[in-house]
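There are two complexes below, and they share chain A, which is joined by chain B in the first and by chain C in the second.
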Partner chain A sequence: MEDKLDLKNVKQRINHIEEVLSSVAAGDLDVRVDSTVEDDLTGIEEAINILIEDLTYELKQSINMQNDLQEKLKKIQDQQKTIVQQQEDLMELSSPVSKVWDNILILPVIGTLDSQRTQIMMENLLQKIVDTGCTMAILDITGVPTVDTQVANHLLKTVTSARLLGADCIISGISPAIAQTIVHLGIDLSIIRTKATLQDAMIYAMKQNKKSDALITSNLDEIEEREE
Partner chain B sequence: MQAFEYDSDWTELGVYPVKTENDIVRVRQMARQYAKNFRMGIVEQTRITTAVSELLRNMYQYANGGEVTINQGYVEEHNALIFTFEDQGPGIENLDLAMSDGYTSGGGMGYGLPGAKRLVDSFEIRTETNTGTLIRLMKWK
Partner chain C sequence: MDHFQEKKIPIIKIGSYLIVSIQVDMHDKLALQLQSQILEEIEKTGAKGVLIDISVLEMVDSFIGRMLSGMASMASIMDAAVVIVGMQPAVAITLVELGLEMPGVDTALNMERGMELLERRMASINDD
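Take a look at the complex of A and B:
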């Protein structure tokens, strides 16, 4: 029997091989060629089985790889979402308004002034003016890299509305480059009191404080004198 | 609308879509970076960035966004940084009026277009109602 072809079963066996191969082609990788006898055809049958094994292995690998890639993609998408979220958070960072001295508020503005942020900034400032009764507010724009017409417009509006509440605004921190650019743009900011640095603005505000204090004292003295 | 002519010797540095306010900030920062790489001084950097910012805002506000192309090239015996803004917006109805100081159709200060023109060395604009607007800025080195 060995090394000889069992002619009786050979057609049946070849049919079986054909069946297995077509199953594999259709995607079923669990089938194997069953060989009961050992002869010349057995080598082919075994080779086919090995091929199917290899194919199964490769397929598994590529499925794993695909899953890996999909996982990575999902991770990247998540990261992107976080970045966008953080960007939005940064844009919305409301500017803190703090009282630094008697009668003096400071509002440091950092980053980009879009309409939404300016709205928040303006609301904060106006509310704080009402709450504290301060009559001087310093807007420091050292941290604003670009002042275009929209930013200038926002600043003007903020200053004007603060004035309606009885507070004078000083804008500080305009760099030489930005100053030249504002002039070339043609924007007139002369109605706003500006100082080069926050320090200058602070000194000016404190002097104004003293003046108004002196004024109040002298007025009170006058009133007292009259009453006497 | 007739497109601008491009010199084949120009190097394209980037094409950026403008859809959101974040894009304005991003493209503006790119503009500043390119100006810096171009060895422009801080004043020139600020000027070009501000001009770009004005046009980006117009694009965002009036035309619902658009696209910016940044090129580097040799124009009229100068090394130039070239910004091309293209949008498919409503176009500018009265260009002479839009280019005059203090005129605004959208509640701004009315210094955007004329201001941007004053900040750069070359300013070309083409616009067609209901088709879009094409603006090209150049800044010599």
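Take a look at the complex of A and C:
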């Protein structure tokens, strides 16, 4: 059975418990309450020891968790960097404007259009129109999978700005799916000249070229005739 | 008032066309003055076409934009076609973003193309 509480020792033992508790509070988790005798205080001493064990375990657990989280965060940051890098690459690749014939520019659009990309595309196209002096621009959207209201709006804006510069824009390669969406969305593309394929657009543009050349020559002839 | 009058934008008549080259920054008063100046000149000379060169303008606000498109419709009811030439890409984007798409205004890349456009216009009218 339990020994009688030895009052002489009690003060010393309580002091010891206090010391242990204060060092635990200071962060030292290796200390334990030593008890040599078994009496009424032993229960408390053991409880304190168990508490310290539990605390140590929880602390370890939370440190592990923190490390895990940090690793994951680093991974996510790396992925984000890759995404940004790829977006920049895509941006550079996305909008080549090439002159394919006298007076004719082609802008093939491939991939999904977002507002940032369309903005860059639009600026490139307009700048190229001014630089080359071409008055026909063909926007080929064969490679665009879907068109929503925003994209249609961007296309309209591009065509309108090109018109303000004095160039005609033709849109070619509208797929059945896109045609359906555009009509279902109620977007009016009738102010834009659309052609089925890039080939049709090229033929139209070249005819238009010829027409304007012919008109000018006939006009000049007329003026000459009048002068004679 | 006198100050603005001194800074008139020159209007040059060549053949049956008027050529206006805007080479200063436009402010609202100057724009309005230019508008009436051009219309008066159309009446006086009986010009059939007006070429407005805005290639130097780096900024066109909604007021100037509206003035330009207004002038085109005014001139067209006076039987003169207005062609705006040499608009800069940034200006075009700004105007479209402002919702000023200038329907009914003819545009051309440069003075030469604008001239061709007017010639073509004249030719088709003569054909009719």
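Convention: the second predicted complex is superposed on the first by the 139 of 228 C-alpha atoms of A that agree within 3 Å, B and C clash if a C-alpha of one lies under 4 Å from a C-alpha of the other, contacts with A are read in each partner's own complex, and residues count from 1 in each chain.
Quick note on the criterion: contacts are C-beta pairs under 8 Å (C-beta built on N, C-alpha and C of every residue); 3 or more make two chains touch, one makes a residue touch a chain.
These numbers come from a predicted model, not from an experiment.
J.: With both complexes superposed on chain A, which partner does A:Ile192 reach: first (chain B), second (chain C), both or neither?
T.: Neither chain B nor chain C is touched by A:Ile192.
J.: Answer with first, second, both or neither: which of chain B and chain C does A:Met136 touch in the superposed model?
T.: Neither chain B nor chain C is touched by A:Met136.
J.: In the superposed arrangement, which partner chain does A:Thr146 touch: chain B (first), chain C (second), both, or neither?
T.: Only chain B is touched by A:Thr146; chain C is not.
J.: Between chain B (first) and chain C (second), which does A:Val33 come into contact with in this model arrangement: first, second, both, or neither?
T.: Neither: A:Val33 stays clear of chain B and chain C.
J.: Where does A:Gln127 make contact in the superposed view: on chain B (first), on chain C (second), on both, or on neither?
T.: second
J.: Please indicate which partner A:Gly166 is in contact with in the superposed arrangement: first for chain B, second for chain C, both, or neither.
T.: second
J.: What is the contact status of A:Lys157 with respect to chain B (first) and chain C (second): first, second, both, or neither?
T.: A:Lys157: touches chain C, not chain B.
J.: Per the definitions at the top, what is the overlap between the chain A residues touching chain B and those touching chain C?
T.: In chain A, nothing is touched by chain B and also by chain C.
J.: Going by the contact rule set out above, which residues of chain B touch chain A in the complex?
T.: That would be residues 21-22, 24-25, 28, 32, 42-43, 45-47, 49-50, 53-54, 57, 101, 108-112, 114-116, 118-119 of chain B.
J.: Can you name the residues of chain A that touch chain C in the complex?
T.: Against chain C, chain A makes touches at 122-123, 126-127, 129-130, 133, 135, 157, 160-167, 212, 215-216, 218-219, 222.
J.: Along chain C, where are the residues that touch chain A in the complex?
T.: Answer in residue numbers: 84-85, 87-89, 91-93, 95-97, 101-102, 106-110, 113-114, 116-117, 119-120, 122-124, 126.
J.: Could you list, by residue number, the parts of chain A that touch chain B in their complex?
T.: 87-88, 91, 112, 114, 116, 145-150, 152-153, 175-178, 180-181, 184-187
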